[in-house]
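Two complexes, one shared chain (chain A), two partners (chain B, chain C).
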Partner chain A sequence: MKPADVLVIGAGPAGLAAATAASRNGCRVAVLDDNPAAGGQIWRADITRPHQEDAARAAAIAAFHTSGAALLPGRRIVDVPSPSTLLAEAGGHFETYRWDRLILTTGARERFLPFPGWTLPGVFGAGGLQALVKGGYPVAGKRIVVAGTGPLLLAVAAHLREYGASIVTVAEQASTLQMLPFAASLLRSPGKLLQGAGYRRTLGATPYQTGCWPISGQGDEKLRSVTLTNGRRTWTVECDLLACGFHLVPNTELAQLLGCTLQGSFVQVDSQQQTPVAGIYCAGEPTGIAGVDAAQVEGEIAGLAAADCDPLPTRLLARRAKEAAFSRRLTHAFRLRPEVLKLASQETIVCRCEDVTFGQLQTRSNWTDAKLHTRCGMGPCQGRICGAATEALFGWQPTSVRAPLFPIPVAAFCDESSSLNAPSAR
Partner chain B sequence: MPDQQIVIHVNGSPISVPAGCTLSAALLMASAPCRISTTGQPRTALCGMGICLECRAIVNGVPHTRTCQTVCQEGMRVETQS
Partner chain C sequence: MPGFDLIIVGAGIVGCACALEAARAGLRVVIVERGVVGGGTTAAGMGHVVVMDDSPAQLALTAYSRSLWLTMAPELPAGVEYESRGTLWIAADDEEMAEVFSKQTTYAQAGIASQVLDPRELAEAEPYLRSGLAGALLVPDDGVLYPPVAAEYFLSEARRLGVVFLSDHEVVRCGKGRVQFANGTSIEAERILLASGASIDLLPSLPIQKRKGHLLITDRYPGVVSHQLVELGYLKSAHKLTADSVAFNIQPRLTGQLLIGSSRQYGDESREINHAILRSMLERAIEYMPCLKGLSGIRVWTGHRAATADKLPLIGPTADPTLFLAMGFEGLGITNAPGAAVLAIDALLGRASVIDATPYLPSRIRQEAVHA
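Right, the complex of A and B next:
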């Protein structure tokens, strides 16, 4: 057993802010993350540009280290053996962590919507391709279509272009009209406005086509072209890669396993970022898709609340309220048009782990029925990808979350220290 | 790019990659799929962050290793998983 007063799960912007705040206020803090380094997704370190640090990331990580909080990377939470412990897997062995206060900052993942060709090599998530490029995949000279929806598309396109990629087009499914109130509201957030303007500048003459979405990708062993439409006209562009994501969905599996209730798709929290389960706090994207600024302020509030700071600084509460309003406009601006939910053909694979097609799923009545009859959602990702897709396509609600939260080696079940071999294991 | 290059083996062939490179990025550089799906399709990394599990491959003999969350080490051997 390794004691830690406050345990934070996830070392992204929310987790780093939470840990820093709790540590500065006298708590012993440890942060677990499944990645090899701190930063989460948005602040993922770029191995090709080690000296070109994002200023906000550098400041957050420096503050974190100065605070004395400990970072334990490469650890993935797989189970909740008792109400106040978590079981983590790290490189094939297991560790148990005890906590007095737990802060969940597990971030979000991209939503993927199936369309013919989306399983071809050469098709990536938008953030997915960005992560791979930061991990060393060179894209100089490659022709890339960036498509889907959300503010991430512009950021990813600008980033890829900086690396020498030729961006064929950025296809945003939301219409200009739908995005107008969001764009106008950016005038009230000069930081975000400048960031957007910066991306646009980087992109130069690259077309940013609104009300435009991909309907298929073509290729034999790998992607060769993408067919796009604006609902009136359909055209095909040749390309090497497609970076396509339809905004974000929250990672709430651990919160659910801990018994935290959801409100819609998100973890329910009060004004202190506390969930209905005593001692468990949640901040950042799992409580609502709102971006890095919201994640940092919510994380700081959660860290202060977990350290029993009372009252919470009003400036933080005001900033959180402002970011919450931004989140609502974001959700509205990038809501999915009905057409993008009808892209799959009978043969299109929806569940990539088990190769279950849209045709096989069409006749099923709900998530459990689909799982039982087709194995949809029963592969290694445990429905994290196809669950969000079938929710969007069919309105199916994924059922209960069970341990282990991620696939682990069978050896784990033989490990005496593991809770997963107990007779009562779920 | 970082100065240091290291050599890993992808499906038996050596490839030079920058130090710190993720294994999934190295597989893309080698044009090798991470895995072959249940119906025989080649697959490469999708989400880039260890969630979708499309990046799993056999690393130093260990199957189901998430290559997006594995950093290349000198002499590492990775094979497409089928």
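Right, the complex of A and C next:
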């Protein structure tokens, strides 16, 4: 049993800020993260370019280390054995962590929407492909279509291009008109603008098409081409890879398992970032998709609140309010057009773990009904991918979250080390 | 909504089987469900179609019900995943092996085929079981199925015969020929059949106790387990009416997934996982099948069985002449659904049944319940 006054789950921008603030204010702080290094998804380290450092990431990590908080990477929370303990998997063995205050900064994941061909080899999540490339996956010379929605698309396209990929097009489903308020908000926030301008520079002549979305991917063994439309015209482009994501959805599974209630899709928090469960705080994307700046300020507030700092600095509260406004514009700018919710055909797979098609799901009345009668969401990913899709497609709210959060060896429930001689899953 | 002969409360596997049986008997039926088809007690369990011999009455009902499953099996849709896996009752020692032989005699007298396996034959049948076991009784005609889809199959057959289904209708009161919903509306019929599984809020005086269980499902490991495996110690554990207990009970699914159980607890109506019970349940399973240790567990859940004191269901009339029951199946609701449906509709119509229905009559324990 490993004690910590404050336990932070997730070492992305929100988690690092929370840990730094709590540690500076006298708490003993430990941060668990399932990645090998701090930074989360957005600040994922690039193993091929170790010296190329994001300034904001470097500053956050330096502040974190100076604060004295401990980072425990490579640990994934799998269960909540009792109300004040968490079970973590660490490289095949299991550790139990006890906490007095818990800060959940579990980030977000990409949303995938099903369309014919989306399960072909060669189709990646946009952020997923970026993460692979940072891990050494070669894309030099590859023709890549980047499609879907959200600010991530440009970042991914710019990044892939830096690595020698040829970006065929960036297809953003949101219309220019819909995105205008978001562009205006970038003008109000120079920092965000510079980042955007940087993307445009890197992208150079890459076509960025708004009001444009993929309707199918073609190929036998692997993806050969992608068919795009702008609603009036439909055309097909040859490519090697499709990097596709429809903005982000929050990772709220751990919060739900701990009994925190959701408001819509997001974890409910008060002005202190505290959830309705006493002693549990939440910050960053799980409380609303708002990006890195919001994550940092919310994280800092959560860290201070968990350290019983009262009152909270008004400058932080003001910054959070500003970021909340940005979040609303972001959500508005990249809201899904109805057409992208109608791309799947009867035969299109929606749940990849259990091979459940769109046609099978159409006759079901809600998420529980779909799970019980088609096994949608019952596979190893526990509905993380199809749950977000069916929520968008059918308006189904995923219901209960069940342990374990990630598949674990049966022996892990018995505090035993897992056997290496077991039959392997097919 | 006028013109119904029968209102069935609860679209679990028992309620749906009753709806089909009633429709076949020509009754005009409405079946009401607060959630989704087969989403309550039906969804929580394993889906083992098994002949059990705790008592002559239990043997009679499970054997009859299993014979109905076997007749239906060829017509069941693929989604029901009915497989004639057979049950292996595993004996750990000589004492349990003696039970294997007496069980075989009992089954033989009831016309149920079974076969005694020695340790070598058991190891051949299930190579991943630990060595040193004493043997087993194979009951080859027992089956496994996926209960929510089976419930939906009964319901869809019933609806083809004109049965009306109301989902998302929570009943707040029933009796005296009237069923009242949470939304303020109500419906009336000459007869009401309560088939609400472990939910006894509508008749809190029913002599039913909730018995909580835990299950874990693994990722896909086709071929690791071929039969439904149950330790004979299970009977000892299932017989205990008070103490918490665990037993080795594992079911291979058509998908290659394994369902690992079982646990029994009284007095815990929460749905929370009890990690101490889960741990001893899985340790018990690993003791019998060491390779389970390293298999990937993808989900754990709990459910409640509706248990009666004599381990027999409550099927038939109540003191309210309009109200009938098909409740209290404990762990045998899936097995007994088709047989119970026949008995319940026979009782409703005053028909004679193929098997003696008196051991399951609710009146047998009502007096005790009143004085309890």
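Heads up, the rule we're going with is that the second predicted complex is superposed on the first by the 412 of 426 C-alpha atoms of A that agree within 3 Å, B and C clash if a C-alpha of one lies under 4 Å from a C-alpha of the other, contacts with A are read in each partner's own complex, and residues count from 1 in each chain.
Here is the rule we use: a contact is a pair of C-beta atoms (placed from the backbone, for glycine too) under 8 Å apart; a residue touches a chain by one contact, two chains touch by 3 or more.
Values in this document were obtained by computation on a predicted structure and should not be read as measured data.
S.K.: Looking at the overlay, does A:V292 come into contact with chain B only (first), chain C only (second), both, or neither?
M.R.: Neither partner.
S.K.: Identify which of chain B and chain C touches the larger number of residues of chain A.
M.R.: The larger set of chain A residues in touch belongs to B.
S.K.: Who does A:C414 touch here: chain B (first), chain C (second), both, or neither?
M.R.: A:C414 sits against chain C, while chain B stays out of touch.
S.K.: Let me test your reading of the model: by the given contact rule, A:R109 touches which partner, first (chain B), second (chain C), both or neither?
M.R.: A:R109 sits against chain B, while chain C stays out of touch.
S.K.: Given the touch rule stated above, what does A:V145 touch, chain B (first), chain C (second), both, or neither?
M.R.: Once the two structures are laid over each other on A, A:V145 reaches no partner at all.
S.K.: Using the superposition on chain A described above, determine whether A:G379 touches chain B (first), chain C (second), both, or neither.
M.R.: Touch status of A:G379: both partners.
S.K.: Looking at A:S365, would you say it contacts chain B, chain C, both, or neither? Reply first, second, both or neither.
M.R.: second
S.K.: Going by the contact rule set out at the top, does A:P404 touch chain B (first), chain C (second), both, or neither?
M.R.: second
S.K.: Once the structures are superposed on A, label A:R352 by its partner contacts, choosing first (chain B), second (chain C), both or neither.
M.R.: First partner only, chain B.
S.K.: Counting only touches as set out at the top, which of chain B and chain C does A:E221 meet: first, second, both, neither?
M.R.: It touches chain B, and chain C stays clear.
S.K.: Chain A residues touched by both chain B and chain C?
M.R.: Chain A residues touching both partners: 379-380, 407, 409.
S.K.: Which positions of chain A touch chain B when the two form their complex?
M.R.: By the definition above, chain A touches chain B via 34-36, 41, 47-48, 50, 74, 92, 109-110, 112, 119, 121-125, 127-133, 135-138, 221, 251, 349, 352-355, 379-381, 384-385, 407, 409.
S.K.: Under the definition above, what is the set of chain B residues touching chain A in their complex?
M.R.: 1-2, 17-22, 24-26, 28-29, 33, 37-39, 41-54, 56, 62, 64, 68-69, 71
S.K.: Which residues of chain C touch chain A once you look at their complex with the stated criterion?
M.R.: 35-39, 43, 79, 128, 148-149, 152, 167, 216, 218-224, 256, 260, 273, 275, 278-279, 282-283, 285-286, 290-301
S.K.: Mind pulling up the chain A residues that touch chain C in the complex?
M.R.: 81-82, 365-366, 368-369, 372-373, 378-380, 382, 402-404, 407-416, 418-423, 425-426
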